[in-house]
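The data blocks that follow each hold one structure.
Each of the next two complexes has chain A plus one more chain, namely chain B in the first and chain C in the second.
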Partner chain A sequence: MKTAVIVFPGSNCDRDAAVALEAAFGTRPAMVWHRDNELPDLDLILLPGGFSYGDYLRSGAMASQSPVLRAVKEQADKGVLVLGICNGFQVLTESGLLPGVLMRNANLKFVCRDVDLVVDSTASPFMRGYATGQQVTVPVAHHDGNYFADDATLNRLEGDGRVAFRYAAHDNPNGSARDIAGILNERGNVLGMMPHPERAVDPKLCGIDGKAMFTGLVEALVPTIMEG
Partner chain B sequence: MKAKVHVTLKAGVLDPQGKAIGHALESLGFEGVGDVRQGKFIELDLDETDPDKARARIGEMCEKLLANTVIENYSIDLEG
Partner chain C sequence: MSAAAAASEAIEITPELAAEHGLSADEYALILKIMGREPNITELGVFSAMWSEHCSYKSSKVWLKTLPTEGPQVICGPGENAGVVDIGEGLAAIFKIESHNHPSFIEPYQGAATGVGGILRDVFTMGARPVANMNALRFGSPDHPKTRHLVSGVVAGIGGYGNCIGVPTVGGETEFDPAYNGNILVNAMTVGIADAGRIFYSAAGGPGNPVIYVGSKTGRDGIHGATMASAEFDQDSEEKRPTVQVGDPFTEKLLLEACLELMATDAIVAIQDMGAAGLTSSGVEMASKGGVGVELELDLVPMREEGMTPYELMLSESQERMLIVLKPGREDEARAIFEKWELDFAVIGRVTDTGRLVLKFHGETVGDIEVAPLVDNAPEYDRPWEPTPKSAIIDTDDVAAPNDPMDALKRIVGSPNMASRRWIWEQYDHMVMADTNQRPGGDSAVVRIHGTDRALAITTDSTPRYCLADPEEGGKQAVAEAWRNLTAVGATPLAVTNNLNFGNPEKPRIMGQIAGAVTGMGAACRALDFPVVSGNVSLYNETSGEAILPTPVIGGLGLIDDLDRTTAVAIPREGLNLVLVGKTKGWLGSSLYLREIESRADGAPPPVDLAAERRNGDFVRGLIQAGRVAACHDLSDGGLAVAAAEMAMAGGIGADLVDTPEGLALHGWLFGEDQARYLIAAEDGAAIVAEAQAAGVPAAVVGQTGGDALTVGKTHTISIHELRRCHEEWLPSFMARP
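== the complex of A and B ==
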């Protein structure tokens, strides 16, 4: 299975993501620099957290216009899985791969702590390792995580089972609309989420509630490889 | 020609930064300030000399990059 982590100037969770992917997939992901405009054939692309291009203009705005993102979009259109975490989620909304926008946290503070999440929809390869209604604890670390979209879009996301994670009702850290923490695209092959599952894959560090995402992805991708 | 682009939050989109600025003004003793909304101001120096073409071009820039039209409006002023 071939995975890649996209590295922008200012990414800072790229190596954590690589460690989590390697632990689950058993192979090292390709680390792809933002100037590259071609990607090899891949099964999974990960857009990591951080502060790509210093968050200039808007978080994720500059990265969404980078050469590598054109290649990511092409792959996403072909059905390749794309996972955007934190800044990666911001890049996905800015690039139009996911609807809505991530605004400044409602309380204006950078929030860096564990949050309780509730698994909403498991209908995607990313969520295969989780059960609907399951509560998990995963860290967040962001200033711009306040998810916003118009009511029609929010209704559509909910109606189509495209909300993957919500913050537990008592634990919305940023003011996100309808407690949304992670959403899928229409086809279900692009997931953006503010919490960091890659930081919760080792019992010695931040728990292991993020691990099921990566092991679930391995399970989801194995049959494809066997058939392909 | 020079162009000035104002990017502002759409009506109805919460602006906690604008609110915080409003509170700060109040605590400094500036009375009578109602709603405060914060935005961005971007100045562009363009080779284009035809105002209509410049306006159309900047509109494209705003749609593609300068504004996020999910939450932001933009206005364009041309000079010279």
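== the complex of A and C ==
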């Protein structure tokens, strides 16, 4: 089982992500520096939260042009799983791996709090630990999480079952279109989400509702390795 | 000679120019004596910065010396970049609080942001990874036209910096009072964790060793920031906007990681951040502490702008910069690390054995000052002071009883100073680093020590209205409340950092407040074994002659040995006994009740019995550490009723409180602010009361948990829903007012 966390200058949830991955997979992820042009063979790549390159220009915009992102795209094209959390989601939309954009929160303020999410689609390896319609509580912490895409794109995402999580109707923290909190690419191997599942894997901290994502990924990936 | 050097020497030094630099006639005379000649403009700038109140503590030092600073837990007390205490298992906590009051009033976003950036650097300079930020904020009246602009800018600035660098902002306090209309207070605190055997200090050493500059380039921002922070404001303060620095948290994040990477090697001799007075104070302090000289080639400093003069280079307060003395021959190794993080790196000088600060610019000497007298002969004033007149003690019988105590409670929990601060702390990432166990809103923030089941508890406290009425009792109370807040989560209090915010010390009345508050703080710190290991002083917080309330802020740090044995304020379930620990007399002088319900701000504040604080607190902590307490809250602003209401609101479970005990008035019982008290929720209330009596600790079962309302004596009741509505509504609607 090989996992990696991509580290950009300004990433600040890289350690949190590594701790969650190690707890679930039992092995430490590789920490890959943004200048690396090549990636080893991997089963899962995680783009962590933070402020890559200071989020200057636009959140995620400069990271999407970094050398390592070309390598991430190649791996994604081969079907390797890619999970982008918070700033990682912003990098995925900026790089075109996921459709749409993440705009400034509707109230223009940074928001950090627990939010209620509803599991919309379990049809991906990321979501197999969850049940459709399940409500979970996971924290958010972002300034630019207001998901937007044109109606045709939103309809297609919904029609194809590519909305992984929505904010519960009463609990949209940023004004996202159709309460979208996380989406998949067409192939289902790239997930971007604003909430932080890696912060919700310990009952002494923010609860454990994020844990199912990591245990689900372990279940999804272990057979692959056995077969391989 | 270069043009700039020539220009710098060409400026004629007059007593008027010295006065413009904030130097008195006597101070300028002393400079002439030390130099043995007239200083040039660069040298004058160096003296002006080093002898500013901000850098020299010249008015407060005589009082600061009276504070206790030692204890078995103390690794490093005041005098370094931050204080260091032992937290066991080979680790140390490094922490400090610092003000950025003046810049935040002029430019709230950048002022507050660079306040956070500065205190973070103070902590990681010493080898710690910062793990938590806290703050203590004071704003003017909610009715003042500037208040919302300042609240909004300061909160965004604190969040903007802390969120980006990825250090959680886990708590703090915010108050409003007209006395801060012209001088807001922004005090920022950082706590970091380091290997106890690898603490980095600032004493330069080893003549010939290279002095290197790392971080951002130097620009013209913040020149004279330290001098500005050492003077009163007047109508023209807006014109000082260019002296406010501009922060870049992204660069600081890179600087943090690069410094920690370099610190993992053994290449560093000494390291010091460039904060107030920039290259001047870092260069001088490193030389002074090491008893050596430093020679700097100022033209090698990485510059953001063309044509900068030696004077500007020495006094710039550009952010995110560090000065490092390396072991000889380690430059390439260090350079590689800083280049990896895409930061500037330049060898700008060397350590010498001359004991002099020598400044060169394109080969010419543009400054030459003996370091020892510059530091040791810095002025120190025992300024005249007047004791604050004692306020009359208010008899509870002389205060009208409320018609409806629950209506009074509603007004208090919804008042500007008690309303929920959720609107503020939801703009701070308080969970990044994934170790936040107790979030903002409780008695103390609790942050797990990464990779262990132990934790640090952190609080910031001050009650300025008590300090105004009686600085000495107020000083004691600030320390006692911090100690209680740590105790209330089950932590063993370790040490404090303090931020003394006062008006103009040249006024005997203000100096009397400083003397009183420091005396009270010292007494409390001694009695509670709670030494002061770091701190900051901010004076001249006056505008057009109006001073702020005396505001000595205490940042307290405690240690929790087992995260399974900690408590929070939320009532977790029904059927628990509520036990009030500590003696209640019903003290209403200087209370919130008096202010919010009776519109009176008078009376002696509650006296602090330090022996009772210690006895009661040790008893409560013992119960928590034995796993016998389900919830705990210290009693402070608003007394018993507010504590019970906050516990009910946090847990969503109500409580029935008993009727007013014999001999007390209803409002004294519910809203009195007697000190040394805690309200705890526990299974075995009767047994706890019996044990308390045996230990000489007053305690009584005063209620039960349950239901969805707070009830007193079966007659007065208010739903949690209604309490929450009042408590949560004020701040967001205030900030959203058209």
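In this text, the second predicted complex is superposed on the first by the 228 of 228 C-alpha atoms of A that agree within 3 Å, B and C clash if a C-alpha of one lies under 4 Å from a C-alpha of the other, contacts with A are read in each partner's own complex, and residues count from 1 in each chain.
We take it that a contact is a pair of C-beta atoms (placed from the backbone, for glycine too) under 8 Å apart; a residue touches a chain by one contact, two chains touch by 3 or more.
For clarity, every value in this text was computed on a predicted model and none was experimentally measured.
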item: Which of chain B and chain C A:Q65 touches, first, second, both or neither; value: first
item: Larger contact residue set on chain A - chain B or chain C; value: C
item: First, second, both or neither for A:M31, with chain B first and chain C second; value: neither
item: Partner chain(s) touched by A:V111 [first = chain B, second = chain C, both, neither]; value: second
item: Which superposed partner A:I208 touches (first chain B, second chain C, both, neither); value: neither
item: Common interface positions of chain A, toward chain B and toward chain C; value: none
item: Touch list for chain A against partner chain B, complex; value: 57-58, 61, 65, 93-94, 99-101, 103-108, 148-150, 175
item: Residue numbers on chain B that touch chain A, as the complex places them; value: 13-14, 16-17, 20, 64-66, 68, 70-71
item: Contact set on chain C toward chain A in their complex; value: 156, 159-160, 163-166, 248-251, 253-254, 341-342, 425-437, 448, 563
item: In the complex, chain A residues that touch chain C; value: 9-10, 12-13, 15-16, 19-20, 49-51, 53-56, 109-113, 139, 141, 143, 196, 198-199, 202, 204-206
